[in-house]
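Chain IDs A, B, C, D, E and F follow the sequence of writing; residue 1 opens each chain.
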C-alpha cells in the first residue's frame, strides 16, 4: 500500500535523487504517498564537470543552473516538497549542526522509509559521508533521551540505499527492486532536465531496462518492464514472506 | 496476503522444519495457504543422538520413533501434506534420481515460496547438501527445455533459508522476519513432540523470543512478540518498498 | 590462569559492561584478577529510553538513576575499580583529549586483556566509535615515541569485542567463549539492577543459555552451562594449540 | 598442557605435514603428546614436479622416493605413528569408503585436535577436497547414530587449518600461532629431507621467521623466535580469555 | 601485444562465449592472436527457453538450431577454431573423462589466457560447475606428474571469468576491462544470430555501453567507447604497474 | 613502458616507501620514469621505537636521524624528488589544509600511478588514515569544479596499495606483482640505511624472495626472482588482457 506512506529521500547532490530514485519517487507521489526530498548540496564542485567547461563558469552560475535543472526535474516528478540545504560539496563535511538539523527533519516528517546513498561508492567520497550521516541521524531520532524542542521520537524506519554508479566495485547488492514501468516516462523526462550530463541520461535509462530484466527474471512477473533497485540496511520485517 | 499462496518446505531431517519454520508453517496453514513439507530423511544417523542412548536402539526403532514424533508435530501444526522420502542421512548423498524427483515435485506443486536450509551450516554437512540440491532443482524446474512428462515449467519462486543452529559461525544473516505471535503456542506444542531433544525445545523457544525482540526493534511494531527469521536468496521484487 | 591477570573493560554506556561481560568480570574478580571498568558515558541520551518515559524526567535525574543502578550492579559483581568519565552520548564524539586520557589509562593499568565494543553494531553508532577509539589508543600506548609523562610503554595486549544486540546484522562472529557457569547467578543479579530495561534482562539471560549450548557443542565439555562470547581482534598466540 | 593430548594430522600429500606443521608436531611429541599423521597420497602426480624431470622417472620410482623422504622427515620429528593411505592425487577423489575409513580413524584415535588443510587453496584442488573431507568426517564421527563396529562416538575436537602456499589469494587468516622456537632446528632438518623441493625449504624456513615476528608483535612475548600459524574452524572455548 | 598470443575460451552453452566475450574474441582474432573456443553443451535444456515454445520442438531440432546460430556467430567473429563437445546441460555433470579431455586440450593448445565462467552465477548451476572444472584442469595441466601421452606440461596461464547475467547477486567484481570499440559492430552482429534470445541482444548491447562508460571513468581514456569486463582469478604479474 | 610514466608515492612515515615499494621506485627511476615521494611524517612517535631506547632521545634528535636515514635510502634508490611534509604521527590527523595541499600536489604532478597505504592495516591507524586521505584527494583532483589556482584537473590515475606488515590480518590481497629482480640490490642497500629497524630489514628482504616465488608460480616466468606486491583499488583497464 503506497497511499498514505511517507518517504524521505536524502540526496548528496542536486541530481542524485533523480538518477537513482526518480521512478520510485514519481510512483509514490502518484500513488498518494507523501514524499520529501532533501538535497544537501547543489553539487557545484563535484558533480558539474560539464558546466565548468563552459566559458565564464563561476560557482554562482553553476549553482543557479543546477537549481533550475533540479527544480524542473522535481516538477516533472510532481515532487513539491523539496529542500535545498545548500552545503558545500567535494568534500561534503558533516558537523554537529547538520546532525541536529537532520534529526529534527526526520522527527518532523516521521518517514516510513528513508532512501539515501548506499554505504560505499568507490568513486564518490561525498556519497559515503551522506550514508553514514543519515544512518546515524535515523538511529538518534529514535531515542527518547535526545530531546529537541518540538519534536517527537520516531520509531525505526526502513532505510534503502541508492545504486552507486559502478555497482560491483562499490560492493552494492540489490536488496529491493521497485517496478517503475508506469512512471518510466516521467523518470526519463526528469532526467533530461540535466542537460550537461547527457551521458548519464543514457546510462540511467539503460539501467532501468536492466533492472526491469532482473526483476522479471527473479519474480517471474512479466509486467515488470522497468525497475529501480536499492540496497537494504535492514531485513524485511512483516507478518508474511515477501 | 497469505490466503491462496503455496509454500513448499524441504527439510533435511525429521524435525528441522519444526524447529526452524514451525511457526511460519502454522501461520500459513491457518491463513489459508497450501503448505507442503518434504522430509528427505528421518535423521536416524545424524539427528537422533539421544534415541541411540536408549538400550536396544536399532535403526528401525529410531526411525519409527522419529516418524511418530514428526507426525504428531505436523498434526499440531495442522499440516496434512507431508512426504517422507526416507533417504539415508549422515551423509545425505544427492543423486540424479533425487534431482529429477525434486524437480517434478516443484513443478507439480508450483510453490510461490520455498523454505529450505541456508547455504552453510558449520556443524551439519547434510544441511549444506540440501541447500545446494533444492536451489539447483528450483532453477532447473524453471527451464522449458527440461522435459519431464506431465509437468509444466515453473516461474522463479522466492527461496528462503532456515536459521542454522549456530548462526554467526554459519555466516547466517536474517533477510526476512515473520511474526509468529498468533501461532506461537502451536509451535511450542509441536516442538514438544520431539521428546528426546529436550535441549532444543528450550533453545528454539528462546529463539522465537529473541527474534521477536529483533522484529520489534527493527520495525517499531510492538505487536511482534515472537518471530522466526529466514535468510533470503533473492532480493525483494515488488511494486513498492517493503 | 586467571589469578594475577589484569583486565580492562571499556563500556560506552552505563550498562553495556554488565549485559555483555558481567559474567567474565565476576569470574575474573572471583579468580583473583585485577579488573578495571571505564564507563565512558551514562547513556543518558541513548540508552535510557524507559527512564525518559517517566513524568518529569530530566538529564540530571536520568544520569543519577543510571549511576545508582550501575554502582549496584558493580557491587554485585564485586567490582571496585570502576571509573565514570561522564561524556555525552548519542553521539559520543571522540577528541584528542579523550585519546590521550585513554592512552594514559591503558599505560597506567597495563592490562593483559581489553574488552570493549566490537567493530560494528548496526544499531548503535556510539559502540562503533568506542571500538575504533579504544583500538587506536591501545596501539598508540605500545609506542615508545609517544611520550606521556609518568607512563611506560605497554606491549600489545589481546583485545576482545562485546556481542552487539543483533549479532548477525552486525557481522559479529564469536572468537572466544568464556564459561560463566559458576558466576551466572551474580550476572543475573547484576542485570536486575537496571530496572528500566527489563526486556534486556530476559534477553541477556537467554543469551547466556544459548552461548552455553554453543560452548558445549563446540567443545564437548558438558560442564559449560552458561557462557559469554566475544569477538577476537587478534589470533591466539601461544605455545600450544588452544 | 601438551602432555597427554592427542593430535591427528591429515596431510593430502607426502610432505604437506612437514612444511606446514612440522614444528608443532615435533613440539607435541617432545612435550609428551600422542601424534598420528595420516598421509592420504604420496603426491606422485601433483607434488613431485622436480622428480619427474629426472630421466627414467616412473610413478613407482617417484612414489618410492617420496616415501623414503617423508619417512626420513618423520624420523627427525620423532614421529612414529604415520600411516600412508596411498590414494591417487591430482585429483584426489573422495568416496564413501574413504569417508568410513576416516570416521573410523578419528573414532579410534579420538584426537583432542585435528590439523589438516585449510578450506581454500587457490592453487591446489586436492587440498580443498581434503579440508572438506576431514571436516565432514569429524562431524559424522560425533554422531551416535553412525554405528561402526568397534568404535565409540567422539566429542567435537578443535580443528586447525594449514597455511596454504599463497596465503592471501587463498583467503587464509591465521587464527592460532604456535611458538616453535625450541624445535625449529628439527623442523628445518626434516624439511631438508625433501631434496627435490629445495625452493620450498627456503620458503618455509623464512615462513617460520615471519610468523615468529608476527607472534612477538601480537603478544609482546619476545621469546617467540619462530612460529607456525594455523587457521581456526571453531572459536576458542575455555574457562578464561586466551 | 595481442599478436601471437593464444586465447582459450570455454563456454558452458552455445551462446555464452558470444554474449560475454564476443568482442574480446573478435579483437584477438583481428589482432593476430590464436583463439580457440570449446563449447561444452548446446544449451538444449537450459538455455533455449524460447525455442521450446515453438510447436513441435524436440531436443534434436533445438540442438540443430543452436548449432547453426552459434556457427553463424563464430563466422562473424572470424572464429575458425571452435569445438562442440556436445555434453548434456541442466545439469552439466563433470566426470573424470571430461577432466582428462580438458587437461589434454589445455596442454595441446597451451593458452596464454583462459576465459571461462566466473566462480558463481546465482541463477545458473552449470556455469558454476564449468568454472570449477576448468580451473581444476588448468592446475592439473601444469603438473609434470600428470602424464598424458603426447602432451607437454603447461605453465600457469592467466584465467579470466565471464560476467554472469546478474552481476551483483553473483558477487561478480570486474578485474579487467577490455576496450572493444573497434570490434563492437562485429559483436552486435554476432549476437543477432541468436534470434530466439532477442531480449539478451539488447541486454548485452547495453552492457558494452555501460562497461565502456566505466572504462573511461576508471582510466580517463576517452577513446574507450565500448568494453567487456572480466573477473580475475590471479593478480597481474608483470615487470611494471598496469 | 616505464619510460615517461609518472609515479607518485605517498608514505605515512619516513621508511614506509622503502620497505614496501623501494624496488618499484628504483626500477621506475632506472627505467626513465618520473618518481615523486611525499613523506607525510618522520614517524617520530610511531615508527622509531628503537631510537627512543637510546639514552637522551628527544623528538628533535629522532627526527633528525630519521631524516638522515631516509635521505640516504632515497639516494641509493636515485630518488631525487622527495618531499617531507613533516606532520605529526601517532596519530596522524588529517585536516582540510592537508587535503587542499595534496590535491594541489596531485594536480601539479599529474601522476599516471599513485602508490600509497592499503585500506586497512590492523596494527597501524596512521596507515589507514593515509589511504583514505590520498584516495579522497585523488578523486577530488579529478573534478573540474574544484578550482585551485594554478592547477589543472587530472584524469583518474591508477592507485596501488602497499603491503601492510601483517597481510592476512589486514585483509590485504595482492592485485599486482612487480618484478624487482634487476634492482633488488638497491632495495636491500636502501633498507640497510634504517639501522635502528634491523628486524625489518631481514623481514622485507625475505618478503621480496617470497613475492618472487609467488610471481614465478602465478606467471610461469622463471626470471622473476624478487618481487614486490601491491593491492589494486581499480581493475585493469586496457586494450588487451593483462
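Quick note on the criterion: contacts are C-beta pairs under 8 Å (C-beta built on N, C-alpha and C of every residue); 3 or more make two chains touch, one makes a residue touch a chain.
Please read all numbers here as calculations on a predicted model, not as lab measurements.
Colleague: Count how many hops through touching chains it takes, at the least, to reach chain C starting from chain B.
Modeller: 1
Colleague: Does E-F or B-E have more contacting C-beta pairs?
Modeller: Between E-F and B-E, the larger count of C-beta pairs in contact belongs to E-F.
Colleague: Please tell me the distance, in whole Å, between the geometric centres of chain A and chain F computed from their C-alpha atoms.
Modeller: The answer is 38 Å.
Colleague: Check each residue of chain B and list the ones that touch at least two other chains.
Modeller: Within chain B, residues 123, 169, 173-174, 217-218, 234-235 contact more than one other chain.
Colleague: Of all possible chain pairs, which ones touch?
Modeller: Chain-chain contacts present: A-B, A-C, A-E, A-F, B-C, B-D, B-E, C-D, C-F, D-E, D-F, E-F.
Colleague: Which residues of chain A touch chain E in their complex?
Modeller: 123, 165-169, 172-174, 199, 202-203, 206, 209-210, 213-214, 217-218
Colleague: Within their complex, state which residues of chain A touch chain C.
Modeller: 96, 99, 135-136, 139-140, 143-147, 233-235
Colleague: Tell me, which parts of chain D touch chain E in their complex?
Modeller: Against chain E, the touching part of chain D is residues 44-49, 51-53, 59, 62, 90-91, 93, 122-125, 169.
Colleague: Which bits of chain F are touching chain E when the two form their complex?
Modeller: 1-2, 5, 7, 24, 27-28, 31, 113, 115, 142, 154-158, 160, 173-179, 215, 217-221, 224, 227, 229-230, 232, 234-242
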